[in-house]
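You will see chain A twice below: alongside chain B first, and alongside chain C after that.
== the complex of A and B ==
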């Protein structure tokens, strides 16, 4: 057995790279997974989360671990949000044991058995779209990584989709292991050492030399706002950024959404459109663009907001008039609770306890709990189908920076929607934005639209 | 008629509140009289202002020719850039409030109860209102000071035994400064601390719907 060919780390990394699609987010675990994460040079533009707060872009030729073009750096809670919030496309974990039902014990857990030191293996396996286990097929005792049962508590149950070892590629199918590729010179019966585990053989086993798929370029840039939201359906929930006035509001995308015409929308935002009735420096004779466009066009059936109406009862907004007519519903949320609900929605947190609103109308119908002598109410995470935000500049990977107080809800909403569209003044080449200045990493941005040069936030 | 009796101007109320802001404290000012407070804080006491629009260390307003829609406070006013300013997202801005990092907030109110319940987000007759950051500030700031007129436009006392308007927070107000008196809500009730020049204790009580606890320590407004 010892003289048979096994794949090198680079060859193994090549097989992993084949699984990566443009724009994918790949979280790598410890050990061999970490090493492979640094050898994905053949992968298309993607991000590698390295566990040290880096969101490293594979863009560009330089493959050193820092100062990479398109990369950005984040705190540990941001990294946890990326993993728990379902933003990871592929998690790569070095396996110690894998069962036919896809249970996995990471090698770091197995080698520290009894200490319960999984590092971040458990977080990694929490919510990715796919899990690829990498491993040396046989340990130093000659035992196969493929097991009928795990010998210690698994880090993830039924979560492994693919196994890439130094002699084989397997998938977990409905009936257990399915062999997809086998390195030359090995036999299917070798894979489990004693042959005790059934392995289904795929009809098209290849010998490990696979043609590299044609690389498609990552493209998030759309020509117009309407084109960027062509698949936004009636009845969608849409997050719309903006604090109150014109700063940080995606005016061009608001006009696009009106032109697109989707109906029965639930809109989530700080206001439901007050810029039009409050003078935030609006030039004489002009009207500020805000949510009023959608209200007047009969597109909104519900708003979730903290500051939905005009500060002055004598100057009602379009939303307030529609609310009084019974045309729209309102869910009123304290502003900080709104921010935290959005953060939770983007970070995979279903609900949280907060003291804000205890004893008020906001607490009605909500669970409450006394924790260490203080009363809290349960608030739920908030997600949307679409999100439209306003950035200052973006690069082609979707990394975004903001200006001044126009940051507000933008970076909070961006992770909390299935499709996030950013409107920016300018799209720059990858590498122009400093990794340390990036506020919203491209992982959260699906589509980019440039605000036309002659576009005015007033009409 | 006490309705016509001279009361302190808004600026003096703001000046009295300014005394309460701790040196080096992080402070959030609401709209109305609270906005005026910063005018009366001396330059020596380093007070850092926080705004829900996502900025710390904000201060003076911008000149009319340098207004920038990307630089506003929570009231929608244009800010001047100052050294040490910091920008952040709404989730960070509210973590500062909800996490107890803001030392003092000064808010306006429709009603405050003797126990310190605050009602400032909705007038029932309108049927809809804006909460904004008020409930977060009421629940999260270390100290909540209310600065307001003692009575409303139709001479109803804004200081009550129990709020009849929807409340913003329960037992959260630690000091009430109005144009006739300074009062401290306590578990025992509302303690009268200071009264405006020219007013006596009975006059203040007669325009106040909550019972005032009068001690020997009642002073004239201290500025």
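== the complex of A and C ==
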């Protein structure tokens, strides 16, 4: 067994890279997964998330590489949000044990017997679209990574899709392991130590030397706001930032949404349009663009907001008037709770206990709990179908920076929608934005539109 | 105006750290470690510390960890981490755990992060579906939220957080460099007293407002880092 060829880490990385499609979000775990993550230079333009420090790299750039074009740095909780929030396409985990039903014990868990310390493994295996387990096929005792049963509690249940070891590539099929590729010199019977596990052989087992078809990621850049939201349906839930002033408001996309015309919308935002009645800095004879466009056009049936009313009783907002007419529903949420609900929605948190609102109307009908002597109420994560946000600059991958107070709700909304569209002043080449300055990584941005140079936020 | 945050020495900044305190220690393995503060802590006559530090080592890597100065003096009684040691590499954490001198609470890295973030944001705790179906379901309270089983993660806070940043101003606004960012932003929020070890301390107004990651609101004390 010892003198037979085994794949090098570079060869393993090549096989992993073959599975990655342009634009995929790939999160790597510890050990061999991390080492492979640094060798994915042959992968197409994908997002590689390094769990150790929160480097989101692109083009397979390694930690030591000077070529960090499009990469950005984030903290551990940002990385956790990406994993828990369901934003990962492929998780790569070094396996200690894998069963035919796709259960996996990561090597970190297996090698800390008595403690079963998973590192990132449990987070990684939670809900990526695909799990690729990588492993040395045999450990130092000569035992195969393929098992009838896990010897300790698995980190993930039935979640493995593909196994890439230093001698074979297997998939998990309906009847268990399916051998796809085998390194020259090895036999299918070598793959399990005791032969007790059935391995189905696929039609054609290759040595893996296949050419990869060229693919390019579809551009995120759209010509117009209307084109970027062509699939936004009636009845959609849409997040829209915006305070009383122009800061943070996606004015151009608001006009686009009015022109697009979708009806029965639920809008989620801090306000439901008060800029028009507050009129901070609005030129004489003009009116500020805000959510009023959608209200007046009869497109909104509900708002989830913290401040949907005018500060002045004599100048009610369009939403207030619609509410008094009974045309719209309203769910009032304290502003900080709204921010936390959005953050939870993006980060895969189902609900949280907050002290905000305890003893007020906000607490009515909500579960409450005393924790360490303090009372909290349960609030739930909030997600939307679409989100329209206002950035300052984006690169072509969708990495976004904001300007001044325009940052407000935008970064917390961007991860919390299925489709996030950003309106920016300028789209720059990848590599122009510094890895340390990027606020919203392109992982969260699906579509980019440029606010036309002659566009006015007043009409 | 806020009390002066820049301390002349680590010793001064750590003067009130007490035996039994819970310390949130920034950094991952060898990246972004507040080494100057850890070394100064090892000179103090305190023990029974509870340390949150994760992961303690890179898998398969060097057995030395950033906590070794404290472990050598037997100052840590409990460690909360997602990954404490790679077994049989001669790690001090492993030997002290094996001999019963150190207790270890293991929490998956992302769940640990959510517990600290909840602590920092004033939440009592969060419900997450992550880990449901695995043995982690049996270690935590579970509750169904909108038809989906979730684990309850109670908020975690520290008495002190020790974090490392590249730049600050004298108000405690922090900018991290690269991989250093890891735990700093979330730990700085989650402690009663946050002490940052910084390479370059500037006057207020010298940092670009767009680049500040941790606002000085969360930072109580600053010391000049002895690290380059």
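Here is the rule we go by: the second predicted complex is superposed on the first by the 446 of 459 C-alpha atoms of A that agree within 3 Å, B and C clash if a C-alpha of one lies under 4 Å from a C-alpha of the other, contacts with A are read in each partner's own complex, and residues count from 1 in each chain.
Heads up, the rule we're going with is that a residue touches a chain if its C-beta (ideal position, glycine included) is under 8 Å from a C-beta of that chain, and two chains touch if they have at least 3 such contacts.
Since this is a predicted model, take the numbers as computed values, not measurements.
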item: Which of chain B and chain C A:405 touches, first, second, both or neither; value: first
item: Partner chain(s) touched by A:248 [first = chain B, second = chain C, both, neither]; value: first
item: Touched partner set for A:85, first chain B, second chain C, both or neither; value: neither
item: Touched partner set for A:340, first chain B, second chain C, both or neither; value: both
item: Which superposed partner A:354 touches (first chain B, second chain C, both, neither); value: both
item: First, second, both or neither for A:269, with chain B first and chain C second; value: neither
item: Partner chain in contact with A:437 - chain B first, chain C second, else both or neither; value: second
item: Which of chain B and chain C A:37 touches, first, second, both or neither; value: neither
item: Chain B/chain C common contact set on chain A; value: 340, 354-355, 402-404
item: For the chain C and chain A complex, residues of the former touching the latter; value: 28-29, 31-32, 55, 58-60, 81-87, 97, 104, 106, 108-111, 113-114, 116-118, 121-131, 133-136, 145-146, 148, 150, 154-155, 175-186, 209-211, 213
item: Residue ranges of chain B touching chain A (in the complex, touch as defined); value: 31, 51-55, 67-74, 76, 78-79, 87-91, 93-94, 97-98, 117, 123, 126-136, 138-140, 166-170
item: Complex interface listing, chain A residues touching chain B; value: 243-248, 270, 278, 280-281, 306-309, 311, 313, 320, 323-324, 330, 332-340, 342-343, 354-362, 392, 402-412, 439, 457
item: Contact set on chain A toward chain C in their complex; value: 30-31, 34, 51-55, 63, 73-77, 79-80, 83-84, 94, 107-108, 111-113, 115-123, 126-127, 153-157, 340, 344, 347-355, 369, 371-372, 374, 376, 380, 401-404, 435-437
